Amino acid sequence: MINHMGRLLFILLLAVPLTGVAAAPEKVLHLALSAAETGFDPVMTSDLNTASIEQQLFESLLTYDYLARPAKLVPRLAADMPTVTDHGRTWVFRLKHGVYFAPDPVFKGAKREVVAQDVIYTLMRFMDPKNRSPYKFLVEGKIIGLDELAAAARRSGHFDYDAKIPGLEALDRYTLRVRLKTTDYNFAHAMAQPMYGIVAREVIEAYAGDTASHPVGTGPYHLVRWVRSSRMVLERNPYFRHETWNFDPGNDPDSQHIAALMRGKTIPQIDRIDIQVIEEPQSAWLSFGKGELDMVGLAGQFAPLALQGDHLRSKYAARGIRLDRISDPSIAYYFINQQDPVLGGMSPEKIALRRAIFMAQNDEEMIRVIHKGQAVRNAYPIPAGVAGADPDYRSVLDYNPELANRLLDQTGYARGPDGYRRMPDGSPLAVRYTSSLSSQDRELDEMMKKALDRLSIRFESEKLKFPDMLRAERQCRVQIRLSAWIADYPDGDNFMQLWYGPHTHENNASCYQDPQWDRLYERTLTLPDSPQRNVLYHQLARMLELKGVTKVSTTHIRNVLSQPWVLGFKAHPILPSVWAYLDIDTARAPRE
Amino acid sequence: MNLGAFLIRRLWQMVPTMLGVVLLVFFLFNWVGGDPAYILAGKMANPADIANIRHQLGIDRPLWEQLLIFVRQIVTGDFGNSWATQEPVSAIFRSRLGPSLMLLIPMMLLETATAVAVALAVAAWRGSTLDRALMAASTVMMSISLLVYIIVGQYVFAYLLGWFPVKGWSDDFWRNLTTYAVLPVLLGLMVSIAPSVRLYRTFVLDEIGQDYVRTARAKGLSEVRVLLVHVLRNAAIPIVTNVLMGLPALLTGAFLLERFFAIPGIGREIILAVERSDFPIIKAATVYVAMATMLANLLGDLLYHWLDPRVHLE
Amino acid sequence: MLLSVRNLQIGFQTGKETPFEAVRNVSFDLPECTTVALVGESGSGKSVTALSILGLLPNRITRMGADSRILWRGKNLLDQGEAELRALRGREIAMIFQEPMSSLNPVFTVGEQLMEGLRLRLGMSRKQARTRALELLSEVGIPEPGRRLDAYPHQLSGGQQQRVMIAMAISCQPSLLIADEPTTALDVTVQRQILELIRSLQQRLRMSVLFITHDLALVNEIASEVVVMKDGQVREAGSREAVFSSPEDAYTKALLACRPPLGERPMRLRVIDDFLNGHSLQDIPLRYRGSDPADEIVLEVKNLEKGFPVREGLWRKRLFRAVRDVSFQVPRGKTVGVVGESGSGKTTLGLTVAGLLQPDGGEILFRGENLQVARARDPVGFRRRIQIVFQNPYASLNPRFTVGHILTEPLLLNDIGGTAAAREKIALELLSRVGLPRDAFMRYPHEFSGGQRQRIAIARCLSVKPEVLICDESVSALDVSVQAQVLNLLQDLQDEYHMSYVFISHDLSVVRYMSDQVLVMHDGAVVESGDADELFAQPRQPYTQELLSAVPKPWNP
Amino acid sequence: MPPNASPGLWTLAWRRLKRDRVGMISLAVVVAYLCMVFLAFGGWIAKDWTREVGVNYAPPVFLPDDQDPTAVALVKPVAQPDQVDLYGLQDPLARQLAQIRAHDPVGAQQPIVARRLTLPLGGDKWGHDVLTKVIKGSETSILVGLVAAILATALGTLMGALAGYFGRWVDDSFNWLYGVFTAIPYLLLIFAIAAVLQQKGVSTIILILGLTGWTGVFRLVRAEYLKHKSREYVLAAGAMGASHARRMFIHILPNTSHVILVQLSQNVVGFIKSEVILSFLGFGVPVDVVSWGSMLNEAQNELILGKWWQLAAAGTAMAILVTAFSLLTDALRDALDPKLKY
């Protein structure tokens, strides 16, 4: 047996140098996901990684223009932009003709066209309790009759998809009218979400129970292979309608360069997209370096490798590698639980304590050391690129440990014999900072520890698995945490609602309930994106600071590196993926 | 006693152990396992949604009822669908087993082959400089953390020298075996081989000290034959069982390699499941591995009996 | 001359110390087809000498004397290469060992091991080898060899295993067979058969035998030449007659004298020292042993039953009855001997009586009171009344305790003596009583020889002043010369303290010497019992007769 | 009192050990480490490892300095609450702030401490001195290893002793426990136990390791007790009226001590290595503590950045100790082996 094993050893060692298999003539794009996907039934998914794939498999009524900045809504399955009447309460969508679902056994070889009824079915699915959709909030409480249907389903345990409701009417085969309960100018954004990609009822019902692994949409690609949380292969959808690449580059030089390369090409150009899940950023980065990946999102901690300041290091530039650098439509913000017995409350000393803690946070250092410069200080709840943003907003909570300490001295948080501050009443004081188990969060813990040390306040760390952390947060059990929010759609409301009183136990993690604030907020809802609304937003933002509810800290910068043979890429702030708009220069691409 | 009776009795003895495993895991994870509803519900979830999800997952039922369901799942072998992705658990594990084994089996074969060879060699020259040198070397090898091996190995051999792909996995068996599995396997060996060498060396030394070896020599057999036939045949008994019983542990043990080299194996799946509180997968993993462990032990005993005529099935 | 050993010098080098001299200029001759016995007690270097002939000593640590020579048919084996030696081994010179069980490879069948030699050394084909192997097995007298051929060693009895070893040894018709204590591990009856076998083979195959043993009596039965060794040196060598009838060397004399004679029963046995420092070797007064109606009964065993569960089939457990319905009485100050072969249940009997095993049936009465009840009532008080001395002097003392600790612990446990100082005093007295120096008190067991350890074990028992002492094979593991000393000690102690002994042994002559009454056990039951002298004079049961006839006959001109 | 006290088995073992050169060298190394741990524990060395003495990623002194200009600290003027537009809102802390300002205007700049550009073994991302970190880290790691090993060994020994000595149902129940613990995948066991012991801290790690690591010891000790309980010296002690407890712990335990000791040191090595993995899984030491595991996990990404020194320092420190410890274990095994006489 020994020499047998010896032979095996021999094989393995010989095998080392030879890699790769037979060359394929087709255009293949190799990508990596930083975290495992969660299945491809759009109604049930919420994470970006999955969305980026669904964006290619399914099509929503609307989408965002590839090149326009700030992001601009354009039709996708809709033939043109919807007509909106009576103060944004009635929306009429007209569908493109001759749009077909990707081939699937369920259709028994026939071509299946998309009709208005499919849209209705798709929208209804979000309210079906069985689907427990994470994104139903975009339609919940908005469409007339839909919520009643959901309520009925919750009672009967069965959702009646054949019900006719006033909110959703197919005026003809290709026309859909949506009636909303109240004014909502953001409904268009909802209809542009990848999760709202249109699905066919017969498919969903045929694969009931395992819809996650049978995505059938109208998108430019369809899923041909799926090794769960490891590998996904997309191939061009044979039934995809003829579309040509012509986006308006505006006057941005990069965009113009891209347009020059791509204009007139049919979409999509790339035949196959091979996606792997790579949790360890080190692995992803190394394999991009070796050309095994065509594009990679540069993890913060590796930025210094690729970037000098905010430019690509020369050795990569020389290789023709391109850097796309945009600031995410996201914010990282500290919040303090307003219902917490220790930190909560509106008495001056509590407010002072909270503001002191916020002022002790050194955002610049965090950006420099942890994010390696791949983030910017942003004190306003609405990040750049989102309607209502204000780059010039100035915070009252900027890093100022000295003032913070003064404030604490002033409000009676005297230092005890152990050098740590006590509550004004002399009882011990400790601040519990909650974070997850990831190594990234360990660095944040160190930041917070340093901040509290500056105030000589005792630091406690609470480490929770992500789900537990969410639960604690929703139940208002977290004391202080650095949380993040990324835009679902590029409108300020998507951010401001984070502090809306009624959203407590939902995503108002600071459990902040302030009638004054809530009234102001409610007024913003009735307004479209406009100067008036911005005035209100500024007051809301300032109030959060003055009362020591939250401190918006930073906005991340997204760095995407792409190999020289990847053509036509421009990072998009909202779209989770733009692969259909790319091309590959097979001449330069390495043979597989 | 006869084989059938032995098997029945051993299988019967597994029941209480299995029960212990089930209870332990069930209560630990129900108690502290976290509530998946909150991730599943998404960014804007409200308490009603949460409740709805909890209801759908059945985690709002009384504990004993959930336990009953668990037991039924074990009996039927159907653990339902993953909470995170609605995929049938059994399918998940089927797809995960291959890659895990792909790492596992070459590693085990290489490890055993080399370890046995080295062990025989050093035992033959026991006390010599070769012996001491090899032993010292193996000690140094196993004193470095696997994490370090992986980080450095991936950086140096895959990235700098480019001998191997940095990471990845394909659908092609041979491609995996000859391309993707190589570096992980070798790195795994770095830590796993030394302990076996040391262990097997003691096994061989024990046998070399036996009287029958003296007899064999007195018969005028060559030293080679004495080692390879008489000694090895006896030393093989503990070695084989040792290897066999080590297998199930390795099944989940390779998670570091799987994560760094993006190999869709079981260990990685379990970590993912724990992070997502994907209880069905956790339960299934526990039961499967526990079964594997106990069966491996049983198999080990049978093998022991088969290799060593002296042993009676007890 | 087939083999002649000339001033053989063997040392063992371990670590840096000066080599330990195992054999010091030993010389002897071994003519064609004769049997020479190499006699000596443990550590005499007899086995080392034998192994050195085949070159089987670990070369790494073995240091041969410069002028040592082992001449095989005139050529010196010591300067032969490994290859030449291997050519010799098995072909010319074959060897069998003391432990047949461990000397056979457990994982190969008897056949495989027999045929291995035949095929590799004689180049036979599989078929030839098999037929030859069958012949060999029947030649060494193994019943139905066909079946045995495919059996594994552990499936054979000790005797059969040794026969297989012999078959292997003679398979290539060697001209010399080295037998290293071939019968020591066997029961007397089997021992007898093996001796017969070796003797007949020696004659039939016209080979020489180098017979190594510690038992002079055996020598008397098989050898024509005798070499007596002690501490690595030859003390005496010569023809059997010469050595037995007129031994020159004091040590030889002692060896001859210190075996308890079957015929008479002297007050005490002569021991080495008597000879070495020429004590009065005048005849010692005889001792009478035997039962007497006036005896006061200390211990009475009634229909004792003891069994061990053996798993059978799926769930069932069968009870293996190790002791079956055994009854006897132990008078005060007297000895009840228990004799039987291995597996006869005598040890189980001892442990049960000592209270270390719970009896399944019957009762043990101590001065008329049921012992179990008594122990329940007063554990400390009753436990100590019956003590036991075990066979293996190496396992019976806790290696991590000093002798002092070993001796004082029982005192402490049974609160004898009171103060530590007092206990120490008692312990020291006990030491001197069993004939050990005071400074043994602070030493550890591993520093003592087997005999000394057995003395310590005895002292430990004495410390609690038992009324009954169970000696389970207590002298079997000792060299004859030491055996005699310990036996004398036991006798003296009995005379002094009037203790009662239950003396368990497989060695009939020892049992007869020590006992007033004797029980002969077989398969857990008593086959015959009675006063020692009568029973040995005219045994009634065939089994007893067989046992007695198997005992090697001492030299009587 | 009797004269010359003579060497016990321990003394003999020590003599044998002293003859083993490798053993003695490794012993020296281990002792050196222990001294370091002791000093660090007492706070005599590496006390202020949290001080940021160097610039971020300060390279080791022996390297040519290639500092990234982006790494030097930049200080921005701090906005004053009164300078910013409150959009007509009322600052609830207006009074307090006014009083503070009344004292004296807040000097926005805090003094910038001069940071060293290089450190003996380099610095980490905060500018902590890696050397002091390694020292402090070895304190944690070794303490974790030792205490956890002692815990695990104690557990295993106790259970093994009871199971092996009493046999029957006691044995069955402990074997059951053993079966359960060995059947559960180790990874899940760690997660589960970690989750149960919510509170983060060194004690948690120790408990995790201790509660999962006893099985090996149990198996061996049980076997030893099975062997020894029927040994004649134990029977004799029984005949003398020694209690079960006495026979188990006074008589048998010392005779299994070589097994236990070897197990102990093997566990120490094993646990020091496991701590690294635990850190990787996120169950490592809390932020205000440093250990080899936490360092290696920090160093994970640094290697690619070319900042290899933390990885090297921690890795080497660990490798040396573990090697020495394992060699010492071997030496101990030989020295304590009761089969060898003097």
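Descriptive notes on the structure:
Going by the order they are written in, the chains are A, B, C and D; count residues from 1 in each one.
Here, contacts are C-beta pairs under 8 Å (C-beta built on N, C-alpha and C of every residue); 3 or more make two chains touch, one makes a residue touch a chain.
These numbers were taken from a predicted model, which means no experiment stands behind them.
Distances from each chain's CA mean to the overall CA mean are smallest for chain B. No other two chains have as many C-beta pairs in contact as A-B. Each chain gets a centre from the mean of its Cα atoms; for chain B and chain C, those two points are 49 Å apart.
Centre-to-centre, using mean CA coordinates, chain A is 38 Å away from chain B. A straight line joining the Cα centres of chain A and chain C is 86 Å long. Per-chain Cα centroids separate chain B from chain D by 25 Å. Those residues of chain D in touch with two or more other chains are numbered 195, 281, 297, 300, 304. Touching two or more other chains at once are residues 34, 151, 155, 274 of chain B.
Within chain A, residues 282, 286, 465 each touch two or more of the remaining chains.
Those residues of chain B lying in contact with chain C across their complex are 1-2, 5, 8-9, 127, 210-212, 214-223, 225, 230, 233-234, 237, 307-310, 314. Across the complex, chain D is touched by residues 281-282, 285-286, 301-302, 304-305, 308-309, 346, 348, 351-352, 355, 364-365, 368-370, 373, 394-396, 398-403, 406-407, 410-411, 436-439, 442-443, 445-446, 449, 459, 461-463, 465, 535, 538-539, 542-543, 546-547 of chain A. Chain D contributes residues 1-9, 19, 231-233, 235-242, 246, 251, 254-255, 257, 338, 341-342 to its touches with chain C in the complex.
Taken together, the chain B residues at the contact with chain D in this complex read 16-18, 20-21, 24-25, 28-29, 31-34, 132, 135-136, 139-140, 142-148, 151-152, 155, 248-249, 251-253, 255-256, 267, 270-271, 274, 282, 285-286, 289-290, 293-294. Those residues of chain A whose C-beta lies close enough to touch chain B in the complex are 2, 5-6, 8-9, 11-12, 15-21, 36-39, 41, 44, 46, 129-130, 132-137, 154, 209-213, 225, 227-231, 276-280, 282-284, 286-287, 289-290, 292, 465-468, 470-471, 474, 485, 488, 505-507.
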